[in-house]
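Below are two complexes that have chain A in common, paired first with chain B and then with chain C.
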Partner chain A sequence: MENFWKFVLLSEFHVRYVVIGCTLISIGTSIVGVFVSLRKRALLGDVVSHAVLPGICLAFLWKEEKNPIWLGIGAFISGWLAIVCTDMIRRYSKLKEDASLAIVLSIFFGAGIMLLTMIQQSDNASQAGLDSFLFGKAASITSDDVKIFGGIALLIIITITLLYKHFQILCFDEMFAKAIGLPVKKMELLLSTLAVLAVVSGIQSVGVVLISGMLIIPYAAARFWTNRLSVLLLIAALIGSLSSIGGVYVSYTISRMPTGPWIIVIAFFFAFISFIFGTNKGKIVKLLQNWQYQRKILDENILKTFYQICEKSGGNISFCSVETILSKRAYSPLKLHNALQRLWKQGYIKPEKKCWKLTPEGYEKGKRIVKLHRLWEVYLMEHLKLNPEHVHNDAELIEHIITPELEKELEEKLRYPQYDPHQSPIPY
Partner chain B sequence: MNSLFVQDLSVSYQRKPVLWNINLKVPTGKLVGILGPNGAGKSTLIKAIMGLIPIQSGQILILEKPLSQVRQQISYVPQRESVDWDFPASVFDVVLMGRYGKLGLLQRPRTSDKEIALDAIRLVGLENYKDRQISQLSGGQQQRVFLARALAQKADIYFMDEPFAGVDIATEQAIIAILRRMRDDGKTIFVVHHDLQTAPNYFDWLILLNMHLVASGATHSTFTSKNLEETYGSKLTILSKIGELRDKSEFPARES
Partner chain C sequence: MVNAFWIIIAGSLVAASCALPGCFLLLRRQSLVGDAISHAILPGIAIAYLFFGRNPWVIWISATCFGLFSTILMDWIHYKTKLQADTAIGVVFTFFFAIGIILVSFFAGNVDIDQECVLYGEIAYIPLENKWLGVPVSIWRQLILLVFIIAAISIFYKQFLITTFDEEFAKLSGFQTTVWHYALMGIVSLATVVSFEAVGAILVISFLVVPAAIAFLLAHRLISMLIISVIVSIIISFAGYWLAIAFNASIAGAMAVVSGISFIVIWMYEKIKKIN
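Then we have the complex of A and B:
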């Protein structure tokens, strides 16, 4: 607990440094990820994150020290080369994009692991800890690392903020962007370069293998909350930074814990929560909506039954008992009871002499549903040439979703028919 | 003044020739229909004019100037299916993109740009939908969003790729009314169109295309059964088969 407060309050100078650095890095990665994903290039991040490894190793072999500047440059060059390679393969061979991505990823990563193994088996003393680039180790971040990688992240954030509208239009409608004279090819290149930089910035904290997750997961999670690009970027950045702070905390307090996997696990946790609870197409929202539709169907069907009973009696009786309804429709008594109470509260029916009576509003609503049902049956028969025996079931569902505008259109198109295919009159 | 001047334009996709030697001259202030069967190169023609695809040979002038000098004065409406409508943007966001071409690299949209965008939205009758996410719109409404974005560009020449595809009749009528009003204001509008029945009624200038130019001129003189027969009657099947053969066998484009 003491550790926790120490961490949260950023009381240790070094911790403060690392937390700020990692937050910047994850914000940068998350917002680049949003645009890369919207451009439908999510796999590109995966390729680049694996492809930077040989560059790191070569830079180390050359300089024989873990200088973040040289390692960063090495990573950047090899990540960038990987992008050029996928592009070349796609352009000059018959292979499709997915195949070219898979090839480049495995070749570069294979070469990287090979070099890494070679370095580890050599007697070079300064190689210790080079493998932390694989899965990230926040604890080994020095203040120099923070300055350099945090600086890269800051550069990414500034570039994206300044060129926000251009990236937006590039991702939405490339042809239009070209038509208004934007340098589409250069912007595409810039976006790829930013993706490489984002990966490079995260090699120390998240590690090369998992940094691609930080490009994609915050976007995927944020997409469940909003339909606005600006808000999407903010939420993605927030999720990214919270996960990375969480990951750094775990890695700090529990010794020998890698940072990257923890950051990803926490980010995934956010994504899962968003998937369930997200206000934009989240599971709960969908369930709620479905539940509301079911209730609407139930309510409208009851009113329809009332109306039909009323219609059968020639308009004399507008009330009926629970038993009459149950004899017409197979509801559980409890469900029906709840629905009747609800309809009473809404003012469509009221109790009278141990029975339920339609109010004028309820009568109108029931009439409308019956009308829509019968109109739809006529429509299906006339325009789809369906047999009258087959139209009832479809109408049972469609009657609940027809909007007033469509209702009007339907009436005009069918020219207010008097009877439905089963010779029941259509009430207007 | 000519709104469009095309000389000896040829375009190929990979090795497959799509347009052969097109020569065109269209005056300003016309509502122009580009007609032809599937694969006749209608979309290719306007994409080539907009500089969206490389051309093999030929010269294109818009308002008697090359494209780069008049970009601000022209507007392009891509096919509706060419974008993913699930993009996180509202109707207003997309229409505002019509102003981006007029803004500097780092400039944010100004109040005046936002007003122009709102006006354009009102003009196409989507004011009640301006904050709607674009994937929640019907096909006809999405098409009107694209039209509004083009209107927000305040251009002089418009190139529209199949603006009536997948649109209901009421929307089609509404769109054509807007296009006519634009024409009456002196704009020139090129429309890639499919429906032969409505064409003579909608357009006052026609470009009939079937990989080569069949006819270009005022509707009353070009909409003749002879021209239509030539455009639609005989599909140039041998020509397209040869093109496919060259493409599939990776036959060299020229002798070396």
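Then we have the complex of A and C:
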């Protein structure tokens, strides 16, 4: 507990830098990740992150010191080259996107590993710790690093904010973006450059192997909460920074625990929670919607049955006992009981003499469902040339979905037919 | 010299076992699934090390299970949540790899697996192993695996071919496309596990994809593509070894570099041939 407060209050000088640094980095990567994923190039980050390794090693070999600025520049150049290479392979050979990504990733990373082992075999004393770029070493973030990587994150955020509208159009409608004369190619390049920048800033905290998760997972989690881009960005950034702080906290309190992998695991945990509880396409919301829809269908089917019974009796508003309904449709008695109570509350039916009676509203609603059912059957037969024997099941499904606008259109298109294919009258 | 011989043999065996399923992955446009599997087996390996020590067979089984499980999870996320396939891949493999690294660092003192061998593999130590009939034991294992993969692919050649090139047609003709999909993923996982021991988790992808890509540029039929990919992978491991010796660098890294160079050469050759 003492540790917890020490951590939350950022009372230790060193922890302060690590927390601030990781949070800034993850905000930058999450925001870029949203755009990259929306452009359906989610694994670009994976390629870039592996491909920065030779750049880092070459920069080190050249300068012979671990200056983050030089290493960053080296990483940036080789990451950027990797993107150019994937585009070249895709454009000038018959290999597809995935193969080009995998080839570039493996070759660049192999070269990086080769250089890294060469450096490690050499006698250069300052090379120690260079391999921490592979798995990240957030604990070693210093105030200088915070300035540099935070600066990169800030640059990303500013660029995205300034060009927000343009990127939005690019992500959701490329054709439209082209049509209104946006420089799509250049923007694509800018987005790739931002992705490289984000990866370069993030290798310090999570390492090259896991940084692609930092790009993708916050997006995947945020997707379950909203469809709006601005909210998506906010939530992704929030999830990214929360998981960063969580990862730093775990490695702060438990010895021998690496920061980067914990950041990823916590982010994945957030994604899982979002998948279950998310308000947009989350599991529970989906189940709830499904359940409501099933209930609506049940209610409408019962009203329809009432109407049909009434129709058979020749138009008198009829009484109907539970047994009659059960003899017509195979419901479980309990389910039917609940549904009848519900319909009563909504004012569609009312109890009378131990039976149920349709109210005028219920009559109208039942009539409409029956009408839609029969209209659809006519439509299927006349316009899709289906056999009258095959139209019933389809109509049984669609009758609950047709909107009033569609209803009007159907009526006009079919010119108010009198009878359906089974010779039952269509009520208007 | 004997050391070099065993290392090159091991490299060729591993590269060939990866190249064969790699061809199918490439044709199915799922190369990056191979990358994902090679990362996702790490927790399986760590858990096997933790509970059963250095028993290679247990490691194989547990890691293969994790590889298969990760592909099932990816497909499930893709279909259930409607996230794009590549997003699902990225989410799953980074998570698995993170778990693996956490396990490895948590038990770093207790088991002899560390981040070094995750990265570089142990191909350089193969000549130092116990020998059986004069051949290092891991070479025996790699040989068994290669024979198994070749047998599986030749016995079910028709099934793999048809589900790879025309999934719709395969479905209509009554092939269980899902079964063959996961059979392939199982083979990829197996190949990945064995190469993991030799070259580490991250460079497996170069063995899976690059020889297959070179063969794809040269061949016009699946059978010739498979054969070319095996030949290419043997040449790559041979040249890679000498490059590594020359620069005193990681053997696996050097093999990836050589495969990169050969890819560029073949690609240019193809381009020039087309122009003339």
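Just a few scattered comments:
The rule is short, and it goes like this: the second predicted complex is superposed on the first by the 394 of 428 C-alpha atoms of A that agree within 3 Å, B and C clash if a C-alpha of one lies under 4 Å from a C-alpha of the other, contacts with A are read in each partner's own complex, and residues count from 1 in each chain.
As a working rule, a residue touches a chain if its C-beta (ideal position, glycine included) is under 8 Å from a C-beta of that chain, and two chains touch if they have at least 3 such contacts.
Because the structure is a prediction, the values reported are computed rather than measured.
A simple residue count on chain A separates chain B from chain C, and the partner touching more is C. With both structures placed on the common chain, the touch criterion links A:167 to neither chain B nor chain C. In the superposed model, A:307 makes contact with neither chain B nor chain C.
Looking at the shared chain after the overlay, A:229 reaches chain B, while chain C stays out of its contact range. Contact with chain B, but none with chain C, is seen for A:181 once the two complexes are overlaid on the shared chain. By the touch criterion defined above, A:50 reaches chain C but does not reach chain B. In the superposition on chain A, A:133 contacts neither chain B nor chain C.
In the three-chain superposition model, chain A touches both chain B and chain C at residues 40, 223.
Residue ranges on chain C touching chain A, taken from their complex, read 26, 29-32, 34-35, 39, 81-84, 86-91, 94-95, 97-99, 101-102, 105-106, 108, 115, 119-120, 202-203, 205-206, 208-210, 213, 216-217, 244, 247-250, 252-257, 259-260, 263, 267, 270-271. Those residues of chain A that touch chain C in the shared complex are 37, 40-43, 45-46, 50, 89, 92-99, 101-103, 105-107, 109-118, 121, 131, 134-135, 209-210, 212-213, 215-217, 219-220, 223-224, 256-258, 260-265, 268, 271, 275, 281.
Contact residues on chain A toward chain B in their complex (touch as defined above): 38, 40, 162-163, 165-166, 168-169, 171-173, 175-176, 178-182, 223, 226-229, 232. Chain contact summary for the complex, chain B toward chain A: residues 47, 50-52, 68, 71, 74-76, 78, 82-84, 87-90, 93-94, 97, 100-101, 103, 105-106, 108-109, 133, 149, 153.
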